[in-house]
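Sending over a structure as structure tokens; questions will come in a sec.
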Amino acid sequence: MTLLRATGLTAGYGPVTVLDGIDIEVNEGEIVVVLGANGAGKTTMMRSISGTIPRQGIIEFEGRSIQKATTDSIVRGGIVQVPQGRGTFPELSVADNLLAGAFVRRDGTKAIEDDIAKWYSLFPRLGERAMQRAGSLSGGEQQMLAIARALMSRPKLLLCDEPSMGLAPLITRELFKVIERLNRDEGLSVLLVEQNANLAMRIASRVYLLETGVIVASGSAAELSADDSIRKAYLGF
Amino acid sequence: MELFLQRLVDGFSEGSVYALIALGLVIIYRGTGHLNFAQGEMALFSTYVVYQFGEWGIPIGIAVIMGMGVGFALGAVTEVAIVRPVSKKSPFAVFIVTIGLFQLLNWLDGAIWGGQQLPNTGVGSKQVRFPSLFPSKPTDFVTIFGANIKIQSLGVIALVAVLTVVLFTVFNHTRLGLAMRAVAANGESAKLVGIRTGRVLMASWGLAAAIGALGGVVFAGINTNVNLGLMFTVFIYASAAATLGGFDSPGGAVIGGFSIGLIQNMAAGYAPKWVGQEMKVGVAFLVMLGVLLFRPSGLFGSSRVERV
Amino acid sequence: MTPLFSIKSGGPASWTIRVACALVLAYVLLWIPTSGSNSLIDTATTALTLMGAALALNLLHGFTGQISLGHSAFFGIGTYTTAVFVTRWGWSPLTTLPVAFAVAFVVGAAVSLPALRIKGVYLALVTLALAVVFPQFIKWPKIAWLTGGARGLTDTGFKFDKDNRTFELFGWNPWGNLRGENVKPFYYWIAVMIVVIVYLICRGLVKSRVGRSLIAIRDNSTAAAVMGVNLPVTKGLVFGLSAAMCALPGCLTAMKGTVTPDTALLTAIGSITFLIVMVVGGAGTLWGPIIGAIVFQFITEKTGDWADPKEIPSALRPIFSWSDVAPAGGIFALALIVLMFTAPHGLAGLWKRVTVRFVSVVPKPAGSSTVDERNVNDKP
């Protein structure tokens, strides 16, 4: 079942159009990866979906249009973004960060606390640092925190904007394993945007290639790797 | 000993007012990154409104609460209608707008309640008698260790202490408080977790203005007179307090307020030839300068404050 | 939309305009003291005073992006330097001008030292505190022996004597005399002289190489530092200069005869007034503060009587007659707010936006002269 569908999605900043009418789909249970170089429009695309910038075109989530929706209603609807650069609340403690993540939930303190405990067990290092200022955590820990915070609202679709940025390769591998596990065990659908093609392709159900605001190729990871010209030009291996 | 105790209490009670105004400054700064130069005048306007409620026969306690409500509205409307649209242009524009608001509110106070501004000074010609929140007849005092301590002073200090505890609870243990702290920490991310940042910004300004209103009312009660120039120096003292405490620390603002009140009073009392009444504000100026030179983030502020 | 006219910078059309403007200016300047009423001369003198102060403030803001709410203190330093030197040591008032300039320069440069480490908004706070402290400082018992404390000083201006010489040019005397009967034009011309001095300093600085590197600081300190601009020294010099220039109009205030610490322009209200004049006229241009001062004084005078409802023109009566307070304060406060929405660069900015549709100024080709005529602040 199609969870998210965007047709002709266009967005930009002032007079500059960055995203030029792209078509993207995420089906339930998929991990969709969007690859692209710097300036391709990846973050703009994430912002358009989350509603933090104005956008034109058709965007539908679970069949309903979200083109005019505000960010907070999109979050309530089940799409949560882990922004580029982590976006943690640095002065707040790890625990408060997670609490903030649950902001839109109405199902009571107990349920929220249970979830926090669950994420502490999945990410033990976060549990150890529960009372520490989020700003004092390492890059990898902050990324885990950002993901856990996003998951606190029990989203249906997780948007991840370059989660590997600034992280060591080992940590990145850890990270993608976690995402894969969440997708497999919890049925979490993921839209992942990356520059690092290598690791991302391994967990992808489908891949899109984004170049200067346009989708230039799409297909399964296997299909794209099989195509020599695409592989050499975009995937670097 | 009695004199010392008296001066101590006087200092704290004056400091309570500075703490309240400083709290407003800090809440706005922490929540939105702006310095509200009109903070004192918003407080003054609300104080005049409380006076007006009093004139209409409303008992002082209720009038104060209503006045705080008016203050809240004033702050919230200012944020959404004036500050937010202009903040997209430049920090200079926001600064000018708060200065304009400072001037506008002061003029409005004069136009509605205060009579002509005397030509050579900035002070209005009409003084308005203001009742105190606490028993303040000359016979209302208690004797502690031989010193005569006004009940009013104790009442004011207690009020600020209670308010501080309430605020602390709100900030750290409520949803609104969490939202405010999140918006202050990272506005973009706050949006991404579903917080309506616009409402939080309005609430920050509203809260700051409401607290300021309380500060104005308390000061008017201590001063027994309200005039157009009432909040000019108070604003300076409050800024010094916020600077000392750290502009993004509410706790710092309260401690800073009490400290400035204490320093002023002790300096004026124990060094009358050097400080006296005229140069009390000079002391605050020096404190401000000193803090900014040697520890710009203040006693409790984070280093984020000190961006040069 | 293509402009209707095209004027080559430095070409004959541009020179004609400049000469024409200069002539008009000269005519107006001479007309006021010779044919204008006494109150007009007074108004003009006040406008010129504000002009000087606003130009000084503008220099600081335009060059370093710093905001000062403390310029009333420098103004006051000018006032009191003149007052003290005249009363205590019998100096002639005009000779105190350079002294006031120097004193204010030193104080300004000293104040700017801590300012180096302070973020813009805090500087505004600290300078505001300075402005509030200044009148108190004057009243301070430790200094009152020099400054006359709260009572102020008298006889701080010129000595009038029936037998003082007076100059006439074939019976024409536009500059008044010091005999005590016609002194207003005298003050007026001093004010003109002060504004000319301040303007020339500002313009000279703007057009110089130093000036352009200063504008570089304003926009990007790191880049400027890397290019070799010495930040602390330059900022200190500019602040000092701005303070010094602001002191000069203050001296004129003292020359009018009496001085008190509670005069509005010497208090924080003065700082805000200078700011209003600068912003209304247009911060960042040379002639913005000039326009601002004229407009400010004009409106203040015209609405000054409106405290009495009978004086308000009938069309505006419903808006203004509900209060017995002169509306100028409220008008300008509102203006500040509204301007930030509609015309953040003030009247000068508006003018530029309008004229740019009709006239374009074509710059000289690059390399055709050592001084680049094409300059943001360029106009007559």
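Think of it as A, B and C in the order they're written, each chain with its own count starting at 1.
The working rule: a residue touches a chain if its C-beta (ideal position, glycine included) is under 8 Å from a C-beta of that chain, and two chains touch if they have at least 3 such contacts.
All values reported here derive from a predicted model rather than from experimental measurement.
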Practice item. Could you tell me which chains make contact with chain B and chain C both? Key: none
Point to revise | Chain separated most widely from chain B, comparing mean CA positions | key: A
Review point. Nearest chain to the global Cα centroid?
Key: B
**Study point:** Centroid spacing, where centroids are CA-atom means, of chain B and chain C in whole angstrom
**Key:** 33
Check your understanding: What whole-number Å value describes the gap between the mean CA coordinates of chain A and chain B?
Key -> 43
**Study point:** Inter-chain centre distance, chain A versus chain C - centres from mean C-alpha coordinates, in Å
**Key:** 56
Revision key, fill the gap. Listed in rising order, chain B residues that touch 2 or more other chains are none
Point to revise | Residue numbers on chain A that touch chain B, as the complex places them | key: 50, 52, 70-72, 75-76, 80-81, 83, 87-92, 96, 99-101, 103-104, 149-150, 153
Review point. Once bound in the complex, which stretches of chain B touch chain A?
Key: 175, 178-179, 181-182, 184-186, 188-196, 302
Point to revise | Residues of chain B defined as touching chain C within the complex | key: 35, 37, 82, 85-86, 89-93, 95-97, 99-104, 106-108, 110-112, 114-117, 119-122, 232-233, 236, 239-240, 243, 273-274, 276, 278-279, 281-282, 284-285, 288-289, 292-293, 296, 306-308
Revision key, fill the gap. In the complex, chain C touches chain B at residues 65, 67, 114, 116-122, 124-126, 128-130, 132-133, 136-137, 139-142, 260, 262-264, 267-269, 272, 275-276, 279, 283, 307, 322-327, 329-330, 332-337, 339-341, 344
